[in-house]
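Report on the following structure.
Naming follows writing order (A, B, C and D), and every chain is counted from residue 1.
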Amino acid sequence: MLDRTPIDLANETAEAALRADYDSLGERLARAGLDIAAIKDKAARFAVAVPSWGVGTGGTRFARFPGRGEPRGIMDKLDDCGVIHRLTGATPTVSLHIPWDKAPAADLLAKAAEWGLGFDAMNSNTFQDQPGQLLSYKHGSLSHTDPSVRAQAVEHNIECIEIGQTIGSKALTVWIGDGSNFPGQSDFSRQFDRYMDSARAIYAALPADWRLFTEHKMFEPAFYSTVVQDWGTNYLIATELGEKAFCLVDLGHHAPNTNIEMIVARLVSRGKLGGFHFNDSKYGDDDLDAGSIDPYRLFLVFNELIEAEGKPGFAPAHMLDQSHNVTDPIESLMVSATEVQRAYVQALLVDREALAAHQEANDALMATTTLKRAFRTDVEPILAMARLDKGAAIDPVAAFRASGYRDRVAAERPAAQAGGGGIV
Amino acid sequence: MLDRTPIDLANETAEAALRADYDSLGERLARAGLDIAAIKDKAARFAVAVPSWGVGTGGTRFARFPGRGEPRGIMDKLDDCGVIHRLTGATPTVSLHIPWDKAPAADLLAKAAEWGLGFDAMNSNTFQDQPGQLLSYKHGSLSHTDPSVRAQAVEHNIECIEIGQTIGSKALTVWIGDGSNFPGQSDFSRQFDRYMDSARAIYAALPADWRLFTEHKMFEPAFYSTVVQDWGTNYLIATELGEKAFCLVDLGHHAPNTNIEMIVARLVSRGKLGGFHFNDSKYGDDDLDAGSIDPYRLFLVFNELIEAEGKPGFAPAHMLDQSHNVTDPIESLMVSATEVQRAYVQALLVDREALAAHQEANDALMATTTLKRAFRTDVEPILAMARLDKGAAIDPVAAFRASGYRDRVAAERPAAQAGGGGIV
Amino acid sequence: MLDRTPIDLANETAEAALRADYDSLGERLARAGLDIAAIKDKAARFAVAVPSWGVGTGGTRFARFPGRGEPRGIMDKLDDCGVIHRLTGATPTVSLHIPWDKAPAADLLAKAAEWGLGFDAMNSNTFQDQPGQLLSYKHGSLSHTDPSVRAQAVEHNIECIEIGQTIGSKALTVWIGDGSNFPGQSDFSRQFDRYMDSARAIYAALPADWRLFTEHKMFEPAFYSTVVQDWGTNYLIATELGEKAFCLVDLGHHAPNTNIEMIVARLVSRGKLGGFHFNDSKYGDDDLDAGSIDPYRLFLVFNELIEAEGKPGFAPAHMLDQSHNVTDPIESLMVSATEVQRAYVQALLVDREALAAHQEANDALMATTTLKRAFRTDVEPILAMARLDKGAAIDPVAAFRASGYRDRVAAERPAAQAGGGGIV
Amino acid sequence: MLDRTPIDLANETAEAALRADYDSLGERLARAGLDIAAIKDKAARFAVAVPSWGVGTGGTRFARFPGRGEPRGIMDKLDDCGVIHRLTGATPTVSLHIPWDKAPAADLLAKAAEWGLGFDAMNSNTFQDQPGQLLSYKHGSLSHTDPSVRAQAVEHNIECIEIGQTIGSKALTVWIGDGSNFPGQSDFSRQFDRYMDSARAIYAALPADWRLFTEHKMFEPAFYSTVVQDWGTNYLIATELGEKAFCLVDLGHHAPNTNIEMIVARLVSRGKLGGFHFNDSKYGDDDLDAGSIDPYRLFLVFNELIEAEGKPGFAPAHMLDQSHNVTDPIESLMVSATEVQRAYVQALLVDREALAAHQEANDALMATTTLKRAFRTDVEPILAMARLDKGAAIDPVAAFRASGYRDRVAAERPAAQAGGGGIV
């Protein structure tokens, strides 16, 4: 599906300069007592999951402007995800969304095997009504006042677990749109009690080796209140459900100005960090490409993760969750995976011994300078060399463009219709 | 279309209590030197336009959950708008959106006449692609890099003016989604220059007795930058275009914590306040019902408008612009029109002479208490009596529910399909 | 100290109109099945504590502009607090701040008895350095890296408890400024561990019938991170400390757009709501007068409290915590106490049976209208009548101005110096 | 005052590694068609002014924790500023604040000459009351209701100009705290009219070769409204005053989520950008060290400035304006000056031809990648080499610590008292 020739040709052209940059960076790092090869190996092992829905063009409530060659279904989506992994070497798993991605397990596994892909967390959907669905989620799902609606939503989540078991997934991510648009519309406490009842029912169906990730979000689609509005409520949920329940942090789901890295640290400290939906944002849940707006914030999140490495049971899931409205989704996902990997590698460079000493001495200036030094290191040669080593592309976007993949699938896949978003 | 009988019956039942409340309020106001009848007359003359698109159920990028009896087109929409006006007596005009509301002028005028409605500002749409549209607005419209796209967008706006002229409209409202999702995607200055060129071309086509309203918005659908991002840029536009150009203030289009009433005062002071899109919001452009989240803020806006009354050329347009996702749109629009009217009447009660004296004396406590006294007056008897006088409903929502209108149109109008919003 | 004559004269003048308003409101409420006398009795029993520091003029980091007759110490402050209670009848207790208010217990009790006052929660201060203090809190207090500093801060809190025991207080409020100004300055987890150690030491010293209130705050005086940054961390603290530990909610300590009433509901649901620091704000911790910026939000908080009334152990503390920079502090505190009481009474008027039915039926419009109806009721006659009944002032501000109290204390108390705030 | 020996010794030790890094960076840049020497020369010419008040320890309304060796007056401050310039080579001018820095012109000039310093913009102060001041600014200054207060404030600004003329300054920066804390406290329009009258009086006194910089700020010290609240109002002021009036942008004075770089572009496009007060912030006007919270935002601001380079009359002033509460002010100012310079140099590396082509082609991904490539380049070798060339320190903080300067001045200058901030 993806011709290796243009990748190899481009790599050959770029290799000499890359090796020069890699070597000079290696010398600089060595002066600081760091072994570039060891860091490159860690970079090579770093992985972030791609969301199946991310390879389609996203939209807003105002409009959706489709791109060329949009995937027609999960098989096309897996092809696109495969391309992303082939070119970046950083995205070995795909996260499915049910019912969007329903397909026979054998077909899913076969297609994934073609590309060397596995399956990450399953995602349920009770924030939309599907054709033929018996009861509507207009007024809520897991927290609906009507027990029949809650039962339907619970059942759907259990089905997601069952599907996931057939394809090797080990986690269920639950994000709901439940909330309210008006003061008084919902009784906060009774609504949360209902949510907890439903969550317990789902948790009870979780296999022993699975994890449940619940996701908090400040607002949207509900605009006055959201049932799982912040990490505080998310923590309540994860604690009260049990040891297989964890909090998922989507970087775009917080109030303005929130110190997200501190939330990460709090969840780590109480053993309840499940993982991330990576993306970036300036205003709300903008779902922009990871690291595109505030790359230092992404680094600070990884600074916490590196700090926590080695803690018992610490194994946060890395997933991208973005909406690509004006770019080629494959390109955006490749760049985003690389940006997440970049933040990880930058955080590896932090001199933690020096940092701890500055913190202990209340030397704020040198402590923050210690972080900045790691952050401002241009680790691109490490990332590129890790890619080259595994036969991925030194420059994934250039290789993708040279590959002609988009033209090819645009020819095969019929053009999608422009859509009006939610407002019409 | 709307049986008067249930309205009249309900009014008869409620009239005695209303008169008692009205009289006791009249006595209280008289003690403060205020004539309740004069205020009631002003309330009766107050009007706010209903947006044609507001009578359909709204949605988010995640989903749209249709309601019962959704309007199939502009004729149904005008019926719904007519009901709103009949029951509230406060919404004598409708604001159309092109191309959604395209229809022969004669048909529009005839249907409007049935309900005693007129037409308010025209709204153009260059934030979506329409079926059959030659060039896409995916990367912008009035500020697109491609002059052909800009020309198409300008042409569409001129068509809106032309349609408006056939139905008695006197204003064009321009809101665009142009902006960018990534740092660097657009050159801010060149993009704005292109916008100004297009705006000048539209302005040139404006009839002598028309006004042009441009609307600013901080974000959405663009998530890194918006071309007309705030009142500062909006003011530049209105000033540089000419004396028929004015700024439109949508209450939900500002940064968190923004003092909107102060922006209103600034625009009034420079003669550039065009009018409002009323709604309420807690997080972003939530488009909730006017006054539902922060009624005091709505009052403070009207406090500025009453302060400015009588200034030469001061004639701001009042329009609702909301998205009704979980309520019956007709009910929400009736309540919202009433809430806007309520804020207006409360602002009329402010003792402006006392307020000015407290301001002059820097007596902040008494100044703010003067506003609060007006705000906390329950003016519902005034609003209800104004409605009763014109044959509208004392309790519009109750009357609407009693009327059976929704059931009737639900039987006539086929059920709409649930939609997936922009993300699928 | 406060002549009753002008109060009585003013009450006599105003009484007739008040009785007329009270009666007509009584009739309206009776139509809704509500007994105004019962509500008035509840209003009369409602109490909110005044902070001793609130009667002095506040300031910002830029400047402090003193007022006339500023209290010279805790005895003057208690006089001012007594005036507030005498005129409003709503503030029977005072909350002390140590070391600012240190004085012999007998003197404190005697002065309080003069005015019929009691003592509310004690407040410790480890966010400033006091003259003669051994170790500095520049780099933290309860979470400082140096165990000696932590011990000093713990010791101070224990001293506050001891002082409080001598004057009948039953609670300790702990707010600290600990945090960091730079990424990396502090290790979030170790810092929080240190905080917990200190908190446990304080908790261990708490008498059996006392409660510990910990307070969260998003930012200021620390500007990158705060140790107790939000209700999530505050909940962790209260849960891990034990059953005498509760969360205090200051309305101004949250991120922009935060739904505070929902936090209240969550804390109530888990039995961890300790109480409130009431104030209002538009931007940050502005410490403006309660209800002055967003009165509906204050009402929505009380809506949750009324909803929770009767739950076992539910007894939230009500305290004002404001900074009066441009008004007479006594006047602001009187008005603020009344606004808090107003929100309480409005929330009492909510038809909870109807509300629950609308919630159950997902009738968002009628649910929110049910709240709004209560909110827009002008309950001033109830509040004023409750004051009149207990010999307080129908119009506290007018009575205060007529009393000549401020002039009298201005003559006794020497003028304070203007200050430069923190920046010089 | 500052021994060169430790600087030179440290430079000698570090020089070899620096040259290696510089050379390898030079090769990388050369591959991209960039001449590192030319960039280094531009870096060397880049300058940012230091605020005289910045070398003292700052504080909040809660407390001020003094540092060691705090400057006793303007002469000490100039010494500290001189050290900053000597070690960074990037801060050749100092911005004075009147009345804090009043001193005989000859003394100021002599002391500045010792260190090779000049004087930047003058800053007036009408946000505090000074001992002996006739009228108070408690209720405003340039916009006060009382014409005598306004006259006093205007007079003070004119005095600042006069002082500035004696020491070679060419600009006056006006920032006021005027605003209001309560709805209704001030009439927005009349207040702004009064402000404009005062501003015109100051403008009239401006020498022909001077510029007037007015500064906007969203909030603090006023917490409901600020007279010059945003760039829109600031633009009105600059436009209506005349061609010597310009807008100053302080990075911390905006609403949450504001796109500041876009404001910069708008002001540039209309010829009204006066310059900057650089700092960083996470919540409000936190006044943290430049680039310490969001370095990419600082880069994006400079991206606009480089884009605008060469426009006629484009000469924005660069000034730091920070509050150093927990670090050594000299160290923070050195690091901050360097961070501003870093952003400038990174912005110089942007391939503007490629960027423009991507923008024209709506290739958002490559456009933003073009910016990111420049941003992620570690330009420290360029900055360090520019410093080395002029005899400044390769590592200014290390050199400062080695110099013993702080110990020396701590011995000379008596310890300052801890302060209580504005709240006590």
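Methods note: a residue touches a chain if its C-beta (ideal position, glycine included) is under 8 Å from a C-beta of that chain, and two chains touch if they have at least 3 such contacts.
By chain, UniProt protein names: A, B, C, D = L-rhamnose catabolism isomerase.
This structure is a prediction, so every number in the text was calculated from the model and none was measured.
Enquirer: Under the document's definition of touching, what chains do chain A and chain D have as common neighbours?
Expert: Touching chain A and chain D alike, sorted by label: B, C.
Enquirer: Using mean Cα positions as chain centres, tell me which chain lies farthest from chain B.
Expert: So the chain farthest away from chain B turns out to be D.
Enquirer: Weigh B-C against C-D on C-beta contact pairs and write down the one with more.
Expert: Most C-beta pairs in contact, of the two: C-D.
Enquirer: What's the distance between the Cα centroids of chain A and chain C, rounded to whole Å?
Expert: Using C-alpha averages as centres, the distance is 42 Å.
Enquirer: Rounded to the nearest whole Å, what is the centre-to-centre distance of chain C and chain D, using the mean of the C-alpha atoms as each centre?
Expert: 39
Enquirer: Which positions in chain C are in touch with at least two other chains?
Expert: 138-139, 180-183, 185, 218-219, 224, 256-257, 259, 282-283, 289, 292-293, 296, 326-327, 362, 364-365, 368
Enquirer: Given the complex with chain A, which residues does chain B contribute to the contact?
Expert: Checking each residue of chain B against chain A gives 53, 56, 58-65, 100, 127-131, 136-139, 177, 180-183, 185, 218-221, 223-224, 256, 281-284, 286-289, 292-293, 323, 325-327, 417-424.
Enquirer: In their shared complex, at which residues does chain D touch chain B?
Expert: Residues of chain D touching chain B: 138-140, 145, 180-190, 192-193, 218-219, 224-225, 229-233, 235-236, 254-259, 261-263, 265-266, 268-270, 296, 300, 303-304, 307-308, 355-356, 358-362, 364-365, 367-368, 370-371.
Enquirer: Which residues, counting only chain A, touch chain D once they are in their complex?
Expert: Touching chain D from chain A are residues 17, 20-21, 24, 27-28, 31, 256-257, 259, 282-283, 289, 292-297, 326-328, 331-332, 335, 342, 362, 364-366, 368-369, 372, 375-378, 380, 397.
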